[in-house]
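What follows are several structures.
The same chain A turns up in both complexes below, where it pairs with chain B and then with chain C.
Showing the complex of A and B:
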């Protein structure tokens, strides 16, 4: 897709395989993806289509027997102060360099809020850990010390003491521009304060109290909010939500999605939402990518996708949802099941289930092409008005 | 739907779970999972049950089948009081009622072949054995879209959708009249979900089944059901023969409906009507159980519990102000009307 746009992430030809005893599982085959700065993008598809694997590749979390066998993941890192951008290929980074990106510049919220937080640490401590690992808290620590000294000035009656403390405050203020490395005790305090701030940001009721609680004391929705707070603690450029609302009730899901929509304005991060629910995509995303069996099949703006779906799989996916306004006896269904990726179908991976398949579909793999302005499809026989 | 014939009838059904604590595991409280539910299920219909997690919908389903002992109230099945049946009487009545569970992997024995899993109820009840059993099992499997090759396979060799079909085949083995479907599609993808739902509708016509369809997915329940019961904290708050996306009289039903994501970007960005979470069923709120979260709550809601009353045409609502409240229009309703207008 065009390079002139301000892309924060661009994935090209990403190929990932899992080397199992049964054979090589071709989980991702030349996945193409681009995320513009400030966008919310949805990745939709059925179980096993490679949505989560894509997210894990971006964070380099693929473990053996899995291996990333090709492609590029270009992350354009913008310095918040200077505004300069610096393009990095994530796949070329050393594991230590990856530590400065994972959880810091690119953060992820996983599906199951019950298993993901560590049950033996307090919520606040888990968020504070992320903060103290990735951030140099020098400035925050100085601010805390200045505030403490200011309090002591107010409370003291001796003029001599006050003058001494004022001098100390001025000294600290002068250091604010170029803060020194903080000492451990104050750094911990600053990280905790930041954790409470993050909990407040995600609209947690009584954040000070929640920071002191353990994960089992929170409900599912609150836990998921705490995890979003943890992911946002370092002001990431990209927030990936991997089925973040799937385990929640609709009412709680609506609260979390609303929160994400609101936070988008506050934090300026680009968000990637991985889901199998097209309703969630319609509510939150402005761009959407449909995946099938490890390939990108369609990628366009959300409005365009719902108005003019072009790929037969996308059309099938949209018509398979029970509609609120219809009283149909039977649902339209996509025939067959998702293929085994050890032996994926030749050519277009969707052709055995496709009603519009022709001879070329089994022979040649379609490439991702722009069929309408801003609408990319990988299909030999695109449907609808193209 | 034949309104006349009642298959299952519940009167003031209650199921409490004791909560123990302390050194001697004394009972320190009761979880009011199902609290005073009265309900009729008619022959041949599908009764949908929706609600948030923890509202007691699964407990209700299991208590009707006597998989859980009811604390109080009566269950009448085909005109017979089955609340206190024991031994062979209970076993005989269990032919007629079956259940399909949520997680098909957990409800199939991983070390038993499909043939034996589906054949077990037939064998235990002495209906068939040997070649006749095999033929009956094959017939059942073919009805749910599986083939002869699958007979000797184990559960792990199947996909999620196929496993759910096996569970359905097993539930239908004894030719039951009443089947409880407990979240049968919540662990499957939309395309598989569509296949499973279509299959269940076909089987209902073929075997003349009555379903109780439990789910938290409102659009699925709406698609499947003739009547719909909305549960909140162990109680039925609304029981309606209408489409809840168009006509909801209880504020909770309306809030629940308005939380469903609309698959159309033109109607996104709705207000969240439900703040907070479901209160604990150990100490449910006094008065109307929904009052702490209800934006219309008045003084009477905090003191008096509203009865489930008929507001006409078999539409039952447990709200003091049923029919008097103006909820406005949900984006779901606007979406439905626009989509309908565009279709015609």
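Showing the complex of A and C:
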């Protein structure tokens, strides 16, 4: 990934450890990741390989005993008006500055729609909360007031009153370009209206009603839509979906994936989809990164990955996908088990399970190299057509 | 109206509970002793005993006596208390003494809630930091200290030592300074049921338009109120701490953080309301306990409340008084539970009544 490419996010050497009583869990070890503007990227790997930890690191949501011990997370923030980009290292930001990134520039949708919405607040209020937190709403408030005045003109019979109100409307219209700070009551109204709009955007049936409902009154799929609406409410530059469809049944999963595919065009956000399901990747992503035991092992376009997997682990993953036309007694699997990250294998973390491992693999950590154009792999013995 | 139906249903369900309580206590009070004994002193002649038995209906079969008791309850006659002087109707004594106990219990509750909830939050959000350790020691002391000892220590420091040091000290006991009441209002009796309007000394002093007396009553309430409330305060603090720690691990807190909310809003808006649900249960049950557990506090602070009266009644095996007191406590518990259930509904939409 050369620097000339328009990267919205570039993670370099990200290292995160969890300091537990049993020992230091080396959850992430020099993770490399690049997300191009407008791309949909998939991060795949087994449970416990560090996908979600990576997502949480990007938002700096790692809680003790976890700690980010090294690396850079470069976020290139583009001003929508001027088009200027401004690169910042998320790990260097002060906690207060981080608050303006979370939910605003980078938003996340979590795995389990049953436990993530706060059970005691209305759906609309939870979306409106993030809207009023990050958006000024001055313009929206003026628009609401203008609409109210227009209604009163229609309902009024007195010509004098109409003229007066029209004058007021003109005054408000003149302020639209440079709106003043809205008063609280109207700002709340505007935030709520925006929440309903967001619910409509995620194809929620009867959004006005849903906004007034509590999470327990909605189905899992609807709740996940509401969480997506919440994440998209501030037009983030990056949307992270952390196993966003895993807890849903297959039909609802398909609906949510379709929704994400459709929204991709409307929202202009770069999307990062974290999943352990290669099917989800094939359906939604144009770029894939494969993770194994807290390291990046392969990163390339989706088409390339499925056609020419190079890393032995990736090859194993793809062979393990059952095929409809085959009739097998036993499904293919990768031998061995996921390593314990308190004492990870030396060198390449995959080498104890790798059929192609040589002496160097246990000694030296392979670096991420471009083996074919646009195809990066961290392996001493890349397989396939290189 | 859903809410009205809910309350009605709960009141109807409370009837068997209260009925069960009064049945059990009534029969128990016959098991533990001979009811006639209460009317017999050293000077009673043996010949008078059959007369006493007949007069109070003790010669009737137990079941008949029980139904007679139920009938008199229904017509508002809770019997007569013989142990407390003057042979007064139980209901009248309760009406006079209940406000003093309620007032004390409310003040104790205010201490418990107003200090306990913030302390619990502080302890949870600063887990394993000095503030947490101090709070935990404070609440551990609250659950482990005997109330009579604590009351005496409070009196020793804030009444005795403060007056020795010449500092403004807190009153030793009583609901209000009677001499002050007489002087200010120019009546000879002082504060008792004949001069009170509502029975609540704080309210009465204001109704008489005397802020000075009100302040005096407040000073009188501080020590007994805190003393009685300390145990509840300790329990509320610990409960709040543990439920807050529990809630802070929930996924919706991660979601709230991922929205970019400040830690303050995450704690006070998103976590607090969820964490309050178990705490409210404890508070409701504790309120019932405060009403009845006030015996020691009332005795040490010379507080003319129900606790002291009930202890006296138990020691004198004054059946009508004991049964009346237990019935009242049952009613207080049932109402406290109803209020807790209503509070649940406001806090948690999942338990709204439908």
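Criterion: the second predicted complex is superposed on the first by the 386 of 386 C-alpha atoms of A that agree within 3 Å, B and C clash if a C-alpha of one lies under 4 Å from a C-alpha of the other, contacts with A are read in each partner's own complex, and residues count from 1 in each chain.
Everything that follows uses one rule, which is that a residue touches a chain if its C-beta (ideal position, glycine included) is under 8 Å from a C-beta of that chain, and two chains touch if they have at least 3 such contacts.
Just so we're clear, the structure is a prediction, and the values are computed from it rather than from any experiment.
A.B. asks: Do chain B and chain C fit side by side on chain A after the overlay, or clash?
C.D. replies: Partners fit side by side after overlay.
A.B. asks: Quick check on the superposed pair: does A:158 touch chain B, chain C, both, or neither? Answer first, second, both or neither.
C.D. replies: neither
A.B. asks: Kindly classify A:337 by the partners it touches after superposition: chain B alone (first), chain C alone (second), both, or neither?
C.D. replies: In the superposition, A:337 contacts chain B only.
A.B. asks: Quick one: classify A:61 as touching chain B (first), chain C (second), both or neither.
C.D. replies: second
A.B. asks: Once chain A of both complexes is superposed, is A:82 in touch with chain B (first), chain C (second), both, or neither?
C.D. replies: neither
A.B. asks: Looking at chain A, which partner touches more of its residues: chain C or chain B?
C.D. replies: When the residues of chain A touched by each partner are counted, B comes out ahead.
A.B. asks: Return, as a multiple of 10 degrees, the angle whose vertex is the Cα centre of chain A and whose sides reach the Cα centres of chain B and chain C.
C.D. replies: After fitting both complexes on chain A, the angle is 80 degrees.
A.B. asks: Give one of first, second, both or neither to describe whether A:178 is in contact with chain B, with chain C, with both, or with none.
C.D. replies: Neither partner.
A.B. asks: After the two structures are laid over each other on chain A, how near do the C-alpha atoms of chain B and chain C get, in Å?
C.D. replies: 7
A.B. asks: In the superposed view, which residues of chain A touch chain B and also chain C?
C.D. replies: Touching chain B in the first complex and chain C in the second, no residue of chain A appears in both lists.
A.B. asks: Flag every residue of chain A that touches chain C in the complex, lowest number first.
C.D. replies: Residues of chain A touching chain C: 59, 61, 98-104, 107-108, 110, 112, 115-121, 129-130, 133-134, 214, 216, 227, 230.
A.B. asks: So in the complex, which bits of chain B are touching chain A?
C.D. replies: 52-53, 159-162, 189-195, 197-198, 201, 216-220, 222-223, 243, 245, 255-256, 258-270, 272, 274-275, 277, 332, 335-337, 339-340, 343
A.B. asks: Provide the residue numbers of chain C that touch chain A in the complex, in ascending order.
C.D. replies: Residue positions touching the partner: 250-252, 254-262, 270, 273-274, 347-350.
A.B. asks: How about chain A: which of its residues touch chain B in the complex?
C.D. replies: Residues in contact with chain B: 46-47, 219, 221-222, 249-255, 257-258, 261, 276-280, 282-284, 302-303, 306, 316-318, 320-325, 327-334, 337-338.
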